[in-house]
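Only one structure is covered here, and it is reproduced in the block below.
Going in written order, the chains are labelled A, B, C and D, and every chain counts its residues from 1.
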Amino acid sequence: MIRDRDFIKNSTVPGPTKEEIRCLVLCKSELTSQDIVVDIGCGTGGLTLEFAKRTSKVYSLDRNPEAINLTSKNLEKHGLKNRVQLICGNAKDEMDKFPDFNVLMIGGSGGDLSFLIEKGFSKLKKSGRIIITAILLETALEAIETLKKFDMDVEVINAAISRGKIIERGTMMLAENPITIIVGVKRN
Amino acid sequence: MIRDRDFIKNSTVPGPTKEEIRCLVLCKSELTSQDIVVDIGCGTGGLTLEFAKRTSKVYSLDRNPEAINLTSKNLEKHGLKNRVQLICGNAKDEMDKFPDFNVLMIGGSGGDLSFLIEKGFSKLKKSGRIIITAILLETALEAIETLKKFDMDVEVINAAISRGKIIERGTMMLAENPITIIVGVKRN
Amino acid sequence: MIRDRDFIKNSTVPGPTKEEIRCLVLCKSELTSQDIVVDIGCGTGGLTLEFAKRTSKVYSLDRNPEAINLTSKNLEKHGLKNRVQLICGNAKDEMDKFPDFNVLMIGGSGGDLSFLIEKGFSKLKKSGRIIITAILLETALEAIETLKKFDMDVEVINAAISRGKIIERGTMMLAENPITIIVGVKRN
Amino acid sequence: MIRDRDFIKNSTVPGPTKEEIRCLVLCKSELTSQDIVVDIGCGTGGLTLEFAKRTSKVYSLDRNPEAINLTSKNLEKHGLKNRVQLICGNAKDEMDKFPDFNVLMIGGSGGDLSFLIEKGFSKLKKSGRIIITAILLETALEAIETLKKFDMDVEVINAAISRGKIIERGTMMLAENPITIIVGVKRN
């Protein structure tokens, strides 16, 4: 995984998703090198870069031009730029333009989560996955309920990670905020 | 419990111990209004004030004069000043001066934890309790091992608390750092 | 606090609420010895007994006759029987019969949570508290939303407690299931 | 990742390491397909199989013949048998026989952790990694201290994962026991 510190950051754009959460999302995506990924709300590019290291067909979208700019810089820094198509726009207006995909990652939805899942489901290939990372209880629940409505196999993981900071006196455990990862798998 | 925001704070003194941890420590102390408490490393006074609300014989000690000063101000603010004797000094030099006690709280030990537990054990009344709050793995383990050596009943709790911050978009869960609470009970 | 092992248990009745969660609920209840408490879904009596140790006016209700029976036995075991009035029935039919109260504890609601909060709010004294313990995401969110609707001050705590089991080889940390505690305070 | 339920299990052998922990260990191993891995204490084969899916040079060792047998069955079930050399024996007697390796995974050490790290360090290639998963506080600390002694870059992660169980009434969060993952990287 790319270390958190190896991303260029910007105080006006959220992210990158913490390394351990990126790792869990990647595992849950079951990505293969042939897969097409759409990353909605790419922010700093945390997840986009990880996807791009593993497949060359990634579409990343954010409504914040600064996020697109920052993701672009991070892709360049890590030599991944030609693997990702960046789109600046509101997800609900752009979903129709994508080809069908294997993985839909939703890291930000601005109130349109159900709509995005619905749209995403219609473009999701068989056995494809929709993954949502939630820092709000409300987002977690809306994701679960919408995925269930589409009769997907739903998995819910809450990850409370703390990292040891090694100081002179010893090992201090510092908490990251807990994240809920919701995964829906389209049945065949 | 006193709310975290109701303590006067100072950037050079750690504390107060977060409300939920104070709550757990209080429960584990099994304090009665007749009990004598010694609070080593009183810091901001977080635990001292909670003890003082429940018994009038609290001795609180810190080697940092600013901590003593700050605890004093917080006691005054909450009308608890006449219940606590404040001592500025290094715990390992002061332990001998206390009368026997029912509860020994160690929130800071500066490398002398085993020594303080040993001294504390010799002054601990029957069924009395030694409680250590640890943010370092090393402290937690040294506490457990030393309490076991004195054949105390040992209990270990790790508390990972997150608090919901209610914002317009929903309820964001924010983590507090995990704390290990170690309790030793002197057998009869 | 009463130790978990000191409750009489029964495989068909949930509870007792784990000691650390009882401790946090008690702290959040800000109970005084004059307060009237209603405990809905008393189960094994975990919370009922803790309330009864601190005030003598506790009404405890469960729709499961075995829960009432078990709570009764636990009250007797701990000498608290004359402090609690036990009612067997469905909360939504019984709420009207209670006098106004200071603390409403909801540990089980069987699908009627919003209704019970609404009813409870109308009988809640000024500065009184409604506390909900949730093991389901859905319950946590319904509680938060309903308390907000009544313009209460809302607090949300998620507690992930693990306990150290001391075995020959060392200290094994064993997790309890995370519980969300939601507290609403009625404004004056 | 392989799902927990897709391992053949046996009540006398621990494991498999839970999926999310396997995922984090894999990420932290930074494995490439050319790497040589030694997995000490392979148990059910949880980690062995994940390594074997990503490199073909895995040596897996356990002192319990049933663990070797079970790992063998799981390798066969997942078509990975020819990628792993299984050795039944006590790690401290077998370490010398391995070629130099890139990743040393220690999931069980039976009291010999420092010795195994020391031996492992001498056979570890440059930029290689030693990874320890600990369920005991004592193991975590011994790992940290020993890795620091060899001047490795040390990383400590505590993962408290809970999984949502979707039942009729909603989503119940069930905790897995917290695991500490310690990683040491050999400097160049």
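Here is the rule we use: a residue touches a chain if its C-beta (ideal position, glycine included) is under 8 Å from a C-beta of that chain, and two chains touch if they have at least 3 such contacts.
These numbers were taken from a predicted model, which means no experiment stands behind them.
Novice: Farthest chain from chain B, comparing Cα centres?
Specialist: Between chain B and the rest, the longest centre separation is with A.
Novice: Pick the pair with more C-beta contacts: C-D or B-C?
Specialist: B-C
Novice: Taking the mean of the C-alpha atoms as each chain's centre, how many Å separate chain A from chain C?
Specialist: Chain centroid spacing, chain A to chain C, equals 38 Å.
Novice: Taking the mean of the CA coordinates per chain, how far is chain C from chain D in Å?
Specialist: Once rounded, the distance between the two centres reads 42 Å.
Novice: Roughly how far is chain B from chain C, centre to centre by C-alpha average, rounded to an integer in Å?
Specialist: 27
Novice: Indicate the residues of chain C shared as contacts by at least two other chains.
Specialist: Chain C, residues with two or more chain partners: 137-138, 141, 144, 156, 158, 160, 162, 164, 171, 173, 178.
Novice: In the complex of these two chains, what residues of chain A are touching chain B?
Specialist: On the chain A side, the touching residues are 111, 135-139, 160, 162, 164, 169-178.
Novice: Which of the residues in chain A come into contact with chain C in the complex?
Specialist: Going by the criterion above, the answer is residues 137-138, 140-141, 144, 156, 158, 160, 178.
Novice: What part of chain C is in contact with chain B in the complex they form?
Specialist: Of all residues in chain C, those touching chain B are 1, 19-20, 23-24, 26-27, 30, 141, 144, 148, 154-164, 166, 171, 173.
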